[in-house]
Amino acid sequence: MKAGVVIVGAGIVGSTIARELSKYETDVVVVEKETDVAFGSPTKANTGVIHPGFDDPPGTVRAEHCSRGNALWHNIAREVAAPFEEVGSLVVALKDEEVEVLKELKRRGDANGVPDLEIVVDNGKLRRMEPHLNTGAVAALLAPTAAITSPYELAIAMMENAVRNGVRTCFETEVTGITVKQDRVRGIQTTRGEIEVQFVINAAGLWADRVSAMVGPNQFTIHPRKGEYYILDKKAGDLARHVIFPAPSPISKGIVVTPTVEGNTLVGPNAQDIDDKRDMATTHSGLAEVWAGACKLIPSMADKKNMIITNFCGLRPEPDTKDFIVGSSQTIRGFINAAGMRSPGLTAAPSVALKVVDLLTESGAELRRKSAFDPRRKPIDKPMRRPDLMSAQSLIKQDPNYGYVVCRCEHVTKGEILEAIRRGATTLDGVKFRTRAGMGRCQGGFCGPHVLKLMSEELAIPAQSITKRGRGSRVLLGRAKELLSGGDSNGRDD
Amino acid sequence: MAEMTEDVVVVGGGAAGLAAAIRAKEAGAKRVLVLDRNSELGGILPQCIHTGFGLHHFKENLTGPEYVSRFVDRARALGVEFKLDTMALRLKPEREIVAANSLDGLFRIRAKSVVLAMGCRERTRGALGIPGERPAGIFTAGTAQRLMDVEGFMPGRRVVILGSGDVGLIMARRFAVEGAKVEAAIEVLPYAGGLPRNVIQCLEDFGIPLLLNHTVTAVYGAERVSGVSVANVDEKGSPISGTERTIPCDTLILSVGLIPENELSEEAGIILDPTTGGPVVDQRMETSVGGIFACGNAVHVHDLVDHVTETGMTAGWSAARFALDELEPLKNRIRLRPGPGVRYVVPQIISGDEPVTVYLRVRNPVRNAMIRAGNIAVPVRAARPAETVTVDFTEKRVEELSGEAELEIGLEEIEHID
Amino acid sequence: MTEKIERTITCIVCPVGCEATVTMEGGKAVKAEGLACSRGEEYVFGEVEAPMRDFFSIVGIEGGVAPVCPVRSTKPIPKDRIMDCSRELAELTVAAPVRIGDIVMHNVLGLGVDLVATRSIEALRDKGSE
């Protein structure tokens, strides 16, 4: 296989770079070791905030890209029809000493070009903005340009658009080596074969240091910092209208309470440094910490424990350099890092993508703009969730599958599930991320068996081979009777 | 959009809904329509392939599919209409329903009366907050039952069951009979949640250990479940540090609670009882919205389908009378409140001027007790939280209730019952 | 002298759930203590001598609209034959259509008990038509 550019990693950063590069006449291939877009932890388990850009010290790479990324997302999210809501954010000082922190953040924000920042001290105004906010709040930094999105939907939308514009994807493909000759990249080796290529973009998230080490002694290391979350039922109501932050700590923006684009409430993450990049377990103490942090900001949260739908955790890719690593390798031509992009990585992605284009050109890549780039993506139609339900009638007439509701908690129809499969979902989580089937209060209890059946029929594979998220995560362990009978083990397709 | 008018619309074609539809027809309603989201009628019963159904109603010992087939046949014979693969999406208090299916698309139904029979859903791992990884292989018991006994799959081969309620016990037996290894049933309380008969016939018969005073503290497995951590709990149900041990398994089955489905009820502004999770109903099974009735597990989670059938019959009869404009308002509305030792009572409102049967659940197991409501006393033997207690307010007892707007129904433990 | 064995059995005839201590001599139950009423004696005697159970499971279906059909025993079978019965059943596949009450397996394990279908399963019209 040959390519013009290989991007390692199909998370939000890799997908965004892919979409940007798909504007040029160059052959882009994305390789991803997981089974689908956004299956890696930093994108999948992400607060989904598009930050205004006041957190980052001016002069850092993060600061360089955050507020520019924020501005770019407004347009891009609309083009690819991904969820995006500018709800604004509040960093809340619960103690007088914390007000100084707010002032520092405002100073940074002003220096980084963040618009419309305001420190609100009027308690009445805070109360009107956030009726459930801790009445002991002393002041809050209001940032109107903060927005929320669904991080995996955004990454999927970007990659779909990239693929529409010619990008190729290789999933379950792990990079094992990079061929270098005369100090230039010549190719990459993967678990599925070699790709002849001269330009490699390292967007490998948690594993970016391992990929970078393939071209020479490492300039950075990535260590995982775990963050745990809770999601509350939509019925819990409007506990927060903005993204509500506490005053930040040296290592983390803190435990947040935020609405999601779907109307749920998301709470988290805490911050715990760990060693194992594969440790994806929530913990009793971590979850307790998250809950306590949330109740500090929103005291009425304490009565809503029975509204919790689920909990999960993610791992931030923390660079030891304490800043994003965006740049060409100093020693090897053609190797470009977009690494260590923990918060505000999602926000910064489109700005970093533009920078990557510059870096490629500087490295000798010939990038000619395509005349036929189509920036628009048509989203999967979700007829039962239209504000005007009745308008779905014509769609159902065209395709009756859109009239058959499969996921009753989130009102997801058969039409959407089939469309998700056609758009690349090969796992239960892939269908879930594209349609929300299984994300409601019954957590797939009702729709799970139906989705398995639909996938089996549509993909023409036995249901027993379907996985939750690829490889060994099979949902079913065979057909009934196999454990009893001697022969007939046609379900044993390990 | 297509519009239909019906006399009685029943949301849910399981045991409760079918009984309601049948009774509505028998009580004179002309057009009775049942909506169900599945491709076949019966609700949960087609997947309950074990016996124990119909001991009261038919005086026979039937399996779930056998029990429900009788109602399906009768409903068909009476001319009840059905729409399957149909989801009821909206309910207005004016008894207007919006529903959808592939055939009709989105359609509106104006009904003279509505019976809500949506059943219940299962509590999830997420709601329980069990920490750990998120591997494949975690199922609620009902979902595992569907996958096995309707779809014909083995959801797992080496199983741990969390929760010793009847559904969990029944699935323990199903897994064992199909050749899987059930490592243990884990129960947080000091006693089993389900009936003693099921503890014996589902666990003891198969040598499956029942770990009382235990809970699952974590789930392991990067892709598929590889094990669970279990620990002893104290009197408050909190894990005791240092008692954790890992049980290797590939499947965790959750049987940790059932929740009445009431999205539609809430949408219509129907008042719910926070303890049952279902609508407040009177003895006619009418909700707080006139002309909307409810029955079965949507009202409260039953343990006997025979009782579900009874509530369905009451609701269906009432809905038909309402549709025919012949349902007289109740003479009084006496609100029954759960007193000491009683978790909840259904129906919550009785008229006090005619015999009525109420169902209640006790908070803790009791050997001998007196149920007291006002100056009425009814003895009860061996009551458990898992088994609803039936209290008949007979002619004589009902006379003793006079004019109170609220009546507490409580329990007093006594030494002996004569 | 035949050996006397004592076994404890929980009676399940009524919700009280009396714990009975049953004395057995030579494999036969001779005395039960701890029962509050007489109905329990028949049950606990039977339970210690020859415990019986309803058997129910699923059988594979060929050419039907569903892949399996639930079945039950027409009468209880000995408790210790449940797994044998399940293994017998696993060797069988039944062709659709099946009607509720159809005998799926006659005189299973020679116990004088049949296994019958507890529901009907229609045959698929043509393969590939929806």
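The first chain written gets the first letter, and so on, giving A, B and C; residue counts start at 1 in each chain.
FYI, a residue touches a chain if its C-beta (ideal position, glycine included) is under 8 Å from a C-beta of that chain, and two chains touch if they have at least 3 such contacts.
Everything numeric in this text was worked out from a predicted model, so none of it was measured.
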item	value
Contact distance in steps, from subunit A to subunit C	1
A-B or B-C - the one linked by more C-beta pairs in contact	A-B
Distance between chain centroids, defined by C-alpha means - subunit A, subunit C (Å)	52
Centroid distance [mean C-alpha coordinates] between subunit C and subunit B, Å	26
Gap in Å, rounded to a whole number, between the CA centres of subunit B and subunit A	39
Subunit A residues counted as touching two or more neighbouring chains	479-481, 484
Residue numbers of subunit C (touch at least two other chains)	58, 60, 67-68, 86, 90
Subunit B: positions in contact with at least two other chains	148, 150-152, 178-179
Interfacial residue positions of subunit C with respect to subunit B in the complex	10, 12, 14-17, 53-54, 56-58, 60, 66-68, 70, 72, 79, 82-83, 86, 90, 100, 118-120
Residues of subunit C touching subunit A in the complex	58, 60, 67-68, 86-87, 89-91
Contacting residues of subunit A [partner subunit C, same complex]	479-481, 484-485
Subunit A-touching residues of subunit B, taken from the complex the two chains share	1, 37, 85, 87, 89-90, 98, 100-106, 121-122, 124-127, 129, 131-137, 140, 142-143, 146-148, 150-157, 178-180, 217-218, 220, 222-224, 250-251
Residues of subunit A defined as touching subunit B within the complex	231, 278, 280-284, 286-287, 306, 308-312, 384, 389-390, 392-393, 396-397, 400-401, 403-405, 408, 411, 414, 428, 441-446, 448-449, 452-453, 463-464, 467-484, 491
